[in-house]
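Below: a set of structures, written as structure tokens.
Shared between the two complexes below is subunit A, which has subunit B as its partner in the first and subunit C in the second.
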Partner chain A sequence: MRSMWWAFADGARHARGRVDDWLVGEKHAVRAAAVCRIGTGLAVLGLLLSNVSTRGMWVGQASVWAEPARAVSRFPELALLDGVSSDILALVYLVTMLATLAFIAGWHAKAANVVTFLGFIAIVAQNPVVSAPGDDLIRLTLLWMLLMRSSDHWSLDARRRGRRLAAGEGAAREEEALPPWLSTGLHNVGLVALCAQTVLASMAAGLDRVAERPWQQGTALYSTMQLPEFRPFPGLSDLLSQSTILLAIVTYGVLLAQLFFGPLLLNTHSRRFVVVLAVVVNAMLAVVFGLPWSTLSTIAVTLLFVSDATWERLEDAVLLATQPVTDWLGDRWYDVLDAVDGLRYRLVLPAVDWVRFTVLRR
Partner chain B sequence: MPSSPRDAAVARPRHRWVVELLLVAVVVHSVVLALWLAPSSPLRDAAGDGRLASYVNPYFQQGRDVVGVGAERVDVSFSIRARVAPDGGGRSRATQWIDLTRLDDKAGRHDLTVGRVRLIARRLAANLDLALADLDEAQRAVVRGLTANELPSVVKVALEKAGGRPAAVQVFQAYDQMATQFTSLYAQSRWDGRVVQVQFRVGRRTVPPFAERGTASLDDVAVSHLSFGWRRTVRGPLEARETFDSYVKKR
Partner chain C sequence: MAIVAVHLASVTLAALPPNRYSDATRAQTAYLDPYFTQNWRLFAPNPIAEDRSLLFQGAYIDDDGRAARTAWVDWTAVELDLVQHRLIGGRAGYVTNKLVSPLRARTAALDAGQRLVVTGAPQADPPTWTALSSQLEAAGTPRESALGLVRYERVATQLGTDVLESRYPDLDLTAVRYAVRRQPVVPYAARSGSAAERAAARPAATDEIGGWRRLTPGSAAERAAVRDFDRDHR
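Right, the complex of A and B next:
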């Protein structure tokens, strides 16, 4: 009995050690996190840009009619825009867009993530009547990314860090705020939470749909494609909905990508299949149903399941393919710098000299 | 990589339990979320809808429709009209109905990035339709008989007296109020003169079944309209009226 207890305790200790090694040993999926950062940021920026001209009607003073719906919302961030003038709204809107841009570029990504998260809730939750289910996914992604290190690759932060290290300097103070093991641990915990969230959301949607007969028969999206709200391109909707085969492929594709998303992630080959399927399905939904921003955010979290090795290979392939273009752009950039320098010598410096010798001498 | 278990123990940080605790919290959170998103089951019922909602709302708020698109069958429309009196005085007259959802659909054609304002009319109509369906027949009769002079507090009492659930009355009144305010602001920008009263109606039709796709389309289905009574105009703040002015004039 005693030896059994020791064996169990030893096994538990060993398992804990393995979990610890995974958690605090190294950051996982750092490139995938960078892709998720860029994709989610683009979804937020796209949403804000497509509503910028009508922001006053959407969430400003002219949305005063939505007050009863706003009153039952429990987001404290709503107070940021509560009854503010159009100037303040424009300012908050602009700050959120700039923060989102910084988040996409990975410029002080953590701070940009915080501002984007708060601004997104303050703006989007302001008018609950016209909210979209995809807003929830964007909010949840931004929330879990607060724990993650999403700017270790493909970001201005990474470039700055590289330059500092090349110059023999240490990391910036904001990057050393936490001990490395804690920063790594938080990143990995955030990654687990976001991946679990993505799998749960997909499977819940799939389970909900598979219970309905039209989804089983492969005709569920026919009725949605007939509604004016979901047919920005009527010709495309008609093309898909009039063909039984195409409609069944699209319907089963959506169902398969959601219902079996979790189980198919368990094997490397099936994971590649389901990730590609989910990306293709969401890209199709974006165009056919006119849902670009929510589907982009879904694609961003789906790409978290692409391994870092694959992203590295993709990066190498893209760099190799674009090398002639980047070389050409680099040469042109030096030409531009030379031209600017020439202008400085021919126009600016003589003007400065003229001011110094004629005006200031008096 | 540590070479032996002893080295590994030395390499692992002392306070790693903080991260372990966070991981446990994430696992528990995911289980709660799974219960929240799961279809109705004894396990979910045991956890209780209210208890799960109090945890999930507001930051983890989500439904089963977060990803993808569902099978929608109902097309709704939202039309408005007003009683407008000339600025110089005189009798008010009722305007023609204008279908705001049709204007939104026209503007959204071949546009992938439709603004959220184009959803307002349709969402108001859909929510009013649902709220009305939640009332019972006697309450719907009360709604049909409402006039512009009745105060919301009086309407509330009348609806509750007619039966049904108080929560359904609350939801209906909230959407009725929102639709009245939105219609008032829109009407004041749309028609010249003094808008005295406004009225809105919700249209509803269902997409014909897939089996009938060769013979019937949505355009062939007659819209069943439900008119709500006249409502007194709510003027709204000046800045709201100015924003509506510039939006409505651009349409």
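Right, the complex of A and C next:
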């Protein structure tokens, strides 16, 4: 009995050591985090841009019908736009869009993440009546990404860091604010939490559906396809809803991709399958039901489950495939610089000389 | 990491479909509101199977001094212009469609007498909001329910007033009311028929018409936004 206890204690100590090593040893999924940053940022920017012309009706002074629902919301950020004029709304809207653009480009990504998070809640939560599950996912993603290092790759921050290191300088002060073990630990904790949140969202949505007969029979999405607000392309909706097989494929595809998303992540091969399935299902939902931004935010967090090795291979493949184009663009860019230089010599410098020798000499 | 693990357990309890364990731990998971609240019920558990529209009608005195009514304005149809035939629609395209549920939920809880107070207000003399609240409470509606109902009635009336004033700028409107129109979609069994057959198989629309309310115009900026929206999408 005593030896069993020691074996158990030893096993627990060993497991804890491995968890500690995993947590503070190195940052995991940094490329996937960058993809998630770009995808989530695009979803926020797309949502804001596609509603910019009707922002007054959506979240501005003409959104009076949302007042009762807004009154019970507890987001402190709502106070930012409480009863403000359309000019202030436009300003907050613009600042949030610019911060989101910076977040996508990875330009001072952490600060941009904070501003995007606050602006997104201040704007979108003004109108709980027309909120979508994608809004919750974006909010949670932005929140957990505050802990993560999402701009270590494919960002302007990474480019700047690379230039500094090449020049023999250290990292920027804002990047050294935390000791490496803490920065790494926070990134990994945020990553685990966001991945768990993603699995949970799929599982909760799947469990909600699987108990209902229309989902079991593969016909649940039929009625949604008939609603005018969810059939942006009536021909496509009718094509899918009039075919028993296509309708079943779509309905079961949604159900299975959500219900088995978590379990299928446990094996490398099944993980690849379920990630591709989830991306395809969400792309289909985006087009059929006209939900591009909600589905893009889901795709962004789903891509967290693609390994960094795969992203690296993909990056190499893309760079290789686009090399002729980038070379051509590079050559054209030099042509442009040459042309600008030529204009400077032919037009600007003679004009400067003329001014110097004729006007100023007097 | 332990804190995150406990937090994720709380999130799991809060996000799962309704169950006894989530109910029992509601007090412990209350801290999740607002930042960690989540709802993953898109098209679930049972997708909505009916079109829902909000319509507005105005009352006015015509040139002969008689009480008259405008045609019904289907505001939901105006909003849907933002959604239909567009991959990237706007959130303002779903407004009244989503407003129908809370509006109906609040009247569904009323008994026949209380419902008569809500729907029976006359065109010639619509009640003030205070009078409507008092009448509801006198009919036995709990104060909180009455306040919630009046709050939604008020915002629907305010939107209706803005819409009708935009649509009929030359009329001297005296009252406004709304109707909720519901029409189930074409039954699944009839989905393969021709367009005419599907239209014939579709159950008829039903209208739930509210009582007359006093004009409740919004701010100048609000009215301008509604007017611009109506002009662009009607």
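The rule is short, and it goes like this: the second predicted complex is superposed on the first by the 334 of 362 C-alpha atoms of A that agree within 3 Å, B and C clash if a C-alpha of one lies under 4 Å from a C-alpha of the other, contacts with A are read in each partner's own complex, and residues count from 1 in each chain.
FYI, contacts are C-beta pairs under 8 Å (C-beta built on N, C-alpha and C of every residue); 3 or more make two chains touch, one makes a residue touch a chain.
A quick note: this is a predicted structure, and the numbers were derived from the prediction, not measured.
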{"item": "Touching partner for A:W354 - first (subunit B), second (subunit C), both, neither", "value": "neither"}
{"item": "Partner chain in contact with A:F8 - subunit B first, subunit C second, else both or neither", "value": "neither"}
{"item": "Contact breadth on subunit A, by residue count: subunit C or subunit B", "value": "B"}
{"item": "Touched partner set for A:G60, first subunit B, second subunit C, both or neither", "value": "both"}
{"item": "First, second, both or neither for A:V130, with subunit B first and subunit C second", "value": "both"}
{"item": "Which of subunit B and subunit C A:V19 touches, first, second, both or neither", "value": "both"}
{"item": "Subunit B versus subunit C as contact partner of A:W181, first or second or both or neither", "value": "first"}
{"item": "Subunit C-contacting residues of subunit A that also contact subunit B", "value": "19, 23, 46, 50-51, 53-54, 56-58, 60-62, 64-69, 73-75, 85-86, 127, 129-130, 133, 136-137, 139-140, 143, 189, 192-193, 196-197, 200-201, 204-205, 207-209, 211-212, 214-215, 219-224, 226-229, 232-234, 241-242, 286-287, 290, 292"}
{"item": "Subunit B contact footprint on subunit A (complex, rising order)", "value": "16-17, 19-21, 23-24, 46, 49-51, 53-54, 56-58, 60-62, 64-69, 73-75, 85-86, 127, 129-130, 133-134, 136-137, 139-140, 143, 179, 181-182, 185-186, 188-189, 192-193, 196-197, 200-205, 207-209, 211-212, 214-215, 217, 219-224, 226-230, 232-234, 241-242, 254, 257-258, 281-282, 285-287, 289-293, 298"}
{"item": "Interface residues, subunit C side, partner subunit A - complex", "value": "1, 4, 7-8, 11-12, 15-17, 33-49, 51, 80, 82-99, 102, 148, 151-152, 155-156, 158-159, 162, 185-186, 188, 191-192, 218-219, 221-222, 225-226, 228-229"}
{"item": "Subunit B residues within the subunit A interface of the complex", "value": "5, 8-9, 12-13, 15-16, 18-20, 22-23, 26, 29-30, 33-34, 37-39, 57-73, 75, 101, 105, 108-117, 119-120, 122-124, 127, 174-175, 177-178, 181-182, 185, 207, 210, 213, 217-218, 236-237, 239-240, 243-244, 247"}
{"item": "Subunit A residues within the subunit C interface of the complex", "value": "19, 23, 46, 50-51, 53-54, 56-58, 60-69, 71, 73-75, 85-86, 125, 127, 129-130, 132-133, 136-137, 139-140, 143, 189, 192-193, 196-197, 200-201, 204-205, 207-209, 211-212, 214-215, 219-224, 226-229, 231-234, 241-242, 286-287, 290, 292, 294"}
